[in-house]
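Two complexes, one shared chain (chain A), two partners (chain B, chain C).
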Partner chain A sequence: MSTTKTRDLARPAPAKASPAKPRRGLRGSPTFNFWLFTGPFLIGLAIFVYAPILWSLWLSFFEARFTVTPDKFVGFENYTYMLTNDDFVGSLVTFTVFAAFIVPTTWALSLGLALLVNRLRFMRAFFRSVFFLPTACSYVAAALIWKMSIFSGVRFGLMNTVIGWFGVENIAWLADPNPPWYWLVIVTARLWLQSGFYMILFLAALQNIPGELYEAAAIDGAKPGWQTFRHITLPQLRATSTAVILLLLIAAYQAFDEFFNLLSKTTWGRPPLVELYYKALGESQDYGSGSAGAVILTVLICAVTLLQGKFMGFGRGDESK
Partner chain B sequence: MTTTTPEVGKSAPPSPKPRRGGRGGVMSSTGLYIATGIAGFFFLVPFYLLVRNALSTDAEITGENWKFFPTDIQWGNVKELFTDGTVPFGQSLWNSAVVATLHTAGVLLVCSLAGYGLARIPYRHANKVFYAVLGTLMVPTAVTFVPSFVLVSSLGWVDTYRGLIVPGLFSGFTCFLFRQYFLGFPKELEEAARVDGLGYWGAYWRIVVPNSLNFFAAMATITFINGWNSFLWPLVIGQDPGSWTVQVALSNYMTNQTVVFHLIFMATAFSILPLVFVFLFLQRWLVQGIAQTGIKG
Partner chain C sequence: MSALSNSNWSRRSLFRAAAGMAAAGSLAACGGNNGRSGGAGSGVDLTQFFHAYGEAGTEQAIKKYAKAYDKANVTTQWITSADFESKLFATLLTKNAPDLFEFHPQIQMIKSGQVADLTDIIDPVKSDFNPADIKSHTVDGKIYGVRMIDDPQFFFYRKSMLEKAKVEVPTTLDELMEAAAKLTTGKVKGLYMGNDLHNVINPMIWSAGADTLDAKNQIAYHTPGVIEGIKKMRKLFTSGNLLLGAPTESWDPSSLNQGLCAIQFCGMWAMPGIQKALGDDWGVFPFPKTVDSGKQSVYNGGWSMFVNAKGKNVDAAKEYVKWLWIDQKEYQEDWATSYGFHIPPRTSIAQSATKLKSGNAAEGVRLFNEFGHFDNIGWTQAMISSLEDVFANSVRKDMDPEAALDKADTAVNRELKKLFG
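Our next item is the complex of A and B:
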């Protein structure tokens, strides 16, 4: 496996290339050139990615408050502390609830939009742009619009104005966790921001479905609409769907911006990254526990990625290229 | 992959080939347009609110009666935003422009070189290196922000452009995408260059890059958007208001006690404006890039 891989890397198209051509004409050996090309990247990767990861691992076994060169080894104490800490465990619960809302809704909405746009015959580019445009907005900008205009808890907020027409009292959307209206605010903001992006993925996949499949289905008597969708479109989109769900899950894990901005100063509704941010960079500057939390989170993400990779064969594609 | 024309980079533009198969499905044409229109309305409302509030007075934004349009459009808000001394907005806009631009240039340079090396240059341990790069994809950079912050602060890079830009340059993901792209790049072109006596370095700059501009444009667009919109890292690094990026500045206004509505909305509008331009002019590459890569970096 590993030897064939090396050959693949060296010659992605062995059948076509003329192997007789000697490499003497090249300046410098391939090894030198390899490091010339990849060296800057690998050095940066070592310093700014691998070193922090290892440092984080190391810190997580020490008591490290206000210091990053601790000397008090505490073993797994930080881990047991984080795993029994209500705030951190609560943040994992928050993530689970959030993912349970956002992943299916985004999947359905972006697929729905793609199906709509794909069937348009006029103004297709216009509507694609309309749905795609929110991708240009940052989570901070969206949080601001959502918090100060749409879901502002006062009378002049758009939602409160709209429900006021039906005689419903003002709702403090974000200021009160009971009932948890803040979920509506957070989920709609993210839906608006990311659906257009995944719609593009679905659109590309839809256009790759061979038209003959639909013709064959029509000949076999399948009714257009639900039947063709159920038996042709959906199965053909399987790979894209799985990829989209994986991406949505990872994105949900890393949720920070909108929670931080929409729910600033509250102690509820904190996803893991917000929790870690306050733990490590807040007043306590507890790098040890913060790092332990980051390690736990990383392990969880890896587990989810690998688990999903098993189903969809993530990364298998590059061997076939 | 057999094409040897110089236009290899232009792999399949998003051809708007209408799908005829679903013709006469669940929805009539009118119904289709009504549904799309309603969805489009909801997607545009936040933009409308943003512009409306940015051009209103505070009194009108917080008024009892909802107004669809501001009665008197306040163009003066633009001037006020940039002259108001209490809000260092111009500086943050400049910081974001510098950071996002250098971030994009750096990522493209470093990651495309590495991607090419991994895809094309024969080296015994190339696959081990490749797996070391792939491994970092499993660890989201956002999760390592605590030790990264520690590292950068011990380098003395807090509140500097270096601190904002350099750690983000080494994206395993972008490198991976470039490698995938270069694997599909027709080898014949490079072999012709080698016959003419060019080394890898020369072939890369004179043949490979000029013929890959479309892919580079797509990656640049995506990288720029991510750089401009990133929040967590600039928040961690930007301690001093002078080094805030636009996103950090907005976040700070939002949580401030004294809220000046029209200025905040005007600031938000200006934070989105550059990317709207990117969208209008580079949408083709953006859509193509997303469709090709499938994943946001």
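Our next item is the complex of A and C:
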């Protein structure tokens, strides 16, 4: 009897794609994935940001009244008009005053809040949320609350009620520019809206400072409090501070909502964007001059940002350096 | 493991959900705010823009009229007052521009081809319209809008407060200033003219015997009388007798109704609301003489319906305008007298409107006829802004009126040169 051994048993299993083997083709291509994820964003950026900027640049050289497809080329006439316009130049002064108020106060307040919240042992999350929540509020809504409830000029406005307890007459906070109480209204509204956001940035930076630095300082005899804050905390926050100041400055340039809603059709307290809206866009429909003003403003923001970054050392290195 | 990966979501179900949402969005868009329950009219869709009127029932009335029209599907956009002009102008540049919109007659809209010529639909009934309204909508013999309502604006006062303070109804700006001083008490200010004072700019100019532009479309506001008037307004502004920082602007009668002031500048539209709040304890008077050589004045504002000349359905829009604002006299009277009070621009309707024949409404009509000044079609938005700046700078900020007017002249002349060459 012969026995036969089948060799099939030793045959390897039918070929199967190895699970470890990377997929080929487009979906496996890093280039495809790059465009898949960034493409929609880039298309949006091109359509909604770069195209309008280029269109605005083009419009600024045309007589574009009541149309955004003009045909009358005027060269630099719109630029000359805007640069010799007292109101537009005045709006840059307004911005400077506003930035001089709002940038340091927001920086100081948000840093103070961050230090305060960082040291809290109880209800830390609650206070972080409380200070951060105003960031979620619309500038328009906040402006209307400030205008109609808190700083209303009549006797039942909150501030007028409070000062009335001390025998002070009602103040028209926003209607009368002398004295310029409107700055108090604008600055407090923006402080309330912004400080929470920057507090979070400082809080993150504070938590990145190594504890060993404070321990070493303590061993070297540094007193906790002001001395430690000045010589350790503040230098460690340098990069964050620079970024915060940069962001605050840009936000100040872009100020529109609260000014527009708090100071309706005044000639004072007009930052550049409000001035551009009233003088060149908006009701006048002079899109040529408006675009020229926007280009001037863009160049100015870029120049100031670069200079500020250069002076404050933005991006020079780690926070500790 | 994330919640998402643990669920039954697949790419196919995600696509299905997205398609469903898109379909739901389309269906929701079909609904619109046209007041219809689902009818589609003749297949022609028209969109009309209205600023948000303050009087209750106005939005429903406009939608009711649109619903009654069976030759097109008319949709209404009701836009917050403060945003109306900027939204209208911005939208007119796009494909989403309305087919019809209400606004004031302004020549730049005609020169730039934004509004259609409506002469053919108005001509047959031209003689029944207030001639001043026709004039204010006419350029080179063509009529570019149909006036819907005329809105005279004047001062409203509390009779009892004036009697108590022994104050006569003022006929000059000096008397108005004295009255404001006497009427100011601890809780009540004598006078309210709006927080920005914009509504009294033109009346003050007319009451000084001047005008915005003359018949040749040249500056007519820069006069000694106007300069004197601006100085008086500055004195009034700093007197402490003017209500400032009120929660609502002067178009809203709340400040007078709530006892924040004794006299308020407002429009005839507010009469029903004031009557309801104050009973018969109120009266009206025109803007007083700014200077001795001037004359009392009333600004006859109002709103007109225009057709977007670059719209897709110009003829259908003109047909709707003709149907509603020329043929439907019942709706026109309803619009003018059932909510706020306005004067119908059609003489036949104005004469038969019973609500305007007695009391303060009749007095308002008298002031309209005797002291009224109408819109000047050559006085554009940019020029309006220039004089608003004069008031902001001189009255509210103490700039020299002569210098402020010089600055306005530069801006107005630039505008005039572009419009008339």
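To be clear about the criterion, the second predicted complex is superposed on the first by the 265 of 321 C-alpha atoms of A that agree within 3 Å, B and C clash if a C-alpha of one lies under 4 Å from a C-alpha of the other, contacts with A are read in each partner's own complex, and residues count from 1 in each chain.
The rule is short, and it goes like this: a contact is a pair of C-beta atoms (placed from the backbone, for glycine too) under 8 Å apart; a residue touches a chain by one contact, two chains touch by 3 or more.
Worth saying up front: this structure is predicted, and the values here are computed from it rather than measured.
K.L.:
Let me test your reading of the model: by the given contact rule, A:Gly75 touches which partner, first (chain B), second (chain C), both or neither?
P.N.:
A:Gly75 contacts neither chain B nor chain C.
K.L.:
Chain A residues in contact: does chain B have more, or chain C?
P.N.:
Here the partner covering more residues of chain A is B.
K.L.:
Please indicate which partner A:Ser56 is in contact with in the superposed arrangement: first for chain B, second for chain C, both, or neither.
P.N.:
In the superposition, A:Ser56 contacts chain B only.
K.L.:
For A:Asn118, decide between first (touching chain B), second (touching chain C), both and neither.
P.N.:
first
K.L.:
A:Gln285 contacts which: chain B (first), chain C (second), both, neither?
P.N.:
Touch status of A:Gln285: second partner only.
K.L.:
Of the two partner chains, chain B (first) and chain C (second), which one does A:Arg155 touch, if any: first, second, both, or neither?
P.N.:
Touch status of A:Arg155: both partners.
K.L.:
Per the contact definition in the header, classify A:Pro179: touching chain B only (first), chain C only (second), both, or neither.
P.N.:
neither
K.L.:
Quick one: classify A:Thr267 as touching chain B (first), chain C (second), both or neither.
P.N.:
second
K.L.:
Who does A:Gly221 touch here: chain B (first), chain C (second), both, or neither?
P.N.:
Once the two structures are laid over each other on A, A:Gly221 reaches no partner at all.
K.L.:
By the touch definition at the top of the document, which applies to A:Leu297: first (chain B), second (chain C), both, or neither?
P.N.:
first
K.L.:
Just to be sure I follow: which residues of chain A are touched by chain B in one complex and then by chain C in the other one?
P.N.:
Of chain A, residues 68, 148, 154-155, 264-265, 277 contact chain B in one complex and chain C in the other.
K.L.:
Under the stated contact criterion, what part of chain A meets chain B in this complex?
P.N.:
2, 5-6, 9-13, 16-18, 21, 25-28, 30-31, 33-38, 40-42, 44-45, 47-53, 55-56, 59, 68, 113, 116-121, 124-125, 127-150, 154-156, 158, 161, 192, 196-197, 200-201, 203-204, 206-207, 209, 211, 213-215, 217-218, 224-226, 228-229, 233, 240, 243, 247, 250-251, 253-254, 256-257, 260-261, 264-265, 273, 276-277, 280-281, 287, 290-291, 294, 297-298, 301-302, 305, 315, 318, 321
K.L.:
Which part of chain A faces chain C closely enough to touch in the complex?
P.N.:
Touch list, chain A to chain C: 65-68, 86-87, 148, 151-155, 157, 170-178, 264-268, 277-279, 282-286.
K.L.:
Using the touch rule from the top, collect the residues of chain B that touch chain A in their complex.
P.N.:
1-2, 14-27, 29, 32-33, 35-36, 39-40, 43-47, 49-50, 53, 61-64, 66, 110-111, 113-114, 116-124, 126-127, 129-130, 132-134, 136, 138-151, 154, 166-167, 169-170, 172, 175, 180, 183-184, 187-188, 191, 194-195, 197, 199-202, 204, 225, 228-229, 231-232, 235-236, 247, 250-251, 254-255, 259, 261, 264-265, 268, 271-272, 275-276, 278-279, 283, 287, 290-291, 294-296
K.L.:
For a test of understanding, state which residues of chain C touch chain A in their complex under the given definition.
P.N.:
82, 85-86, 89, 93, 108-109, 112, 114, 187, 195-196, 198, 237, 243-247, 260, 381-382, 385, 388-389, 392-393, 396-398, 407, 418
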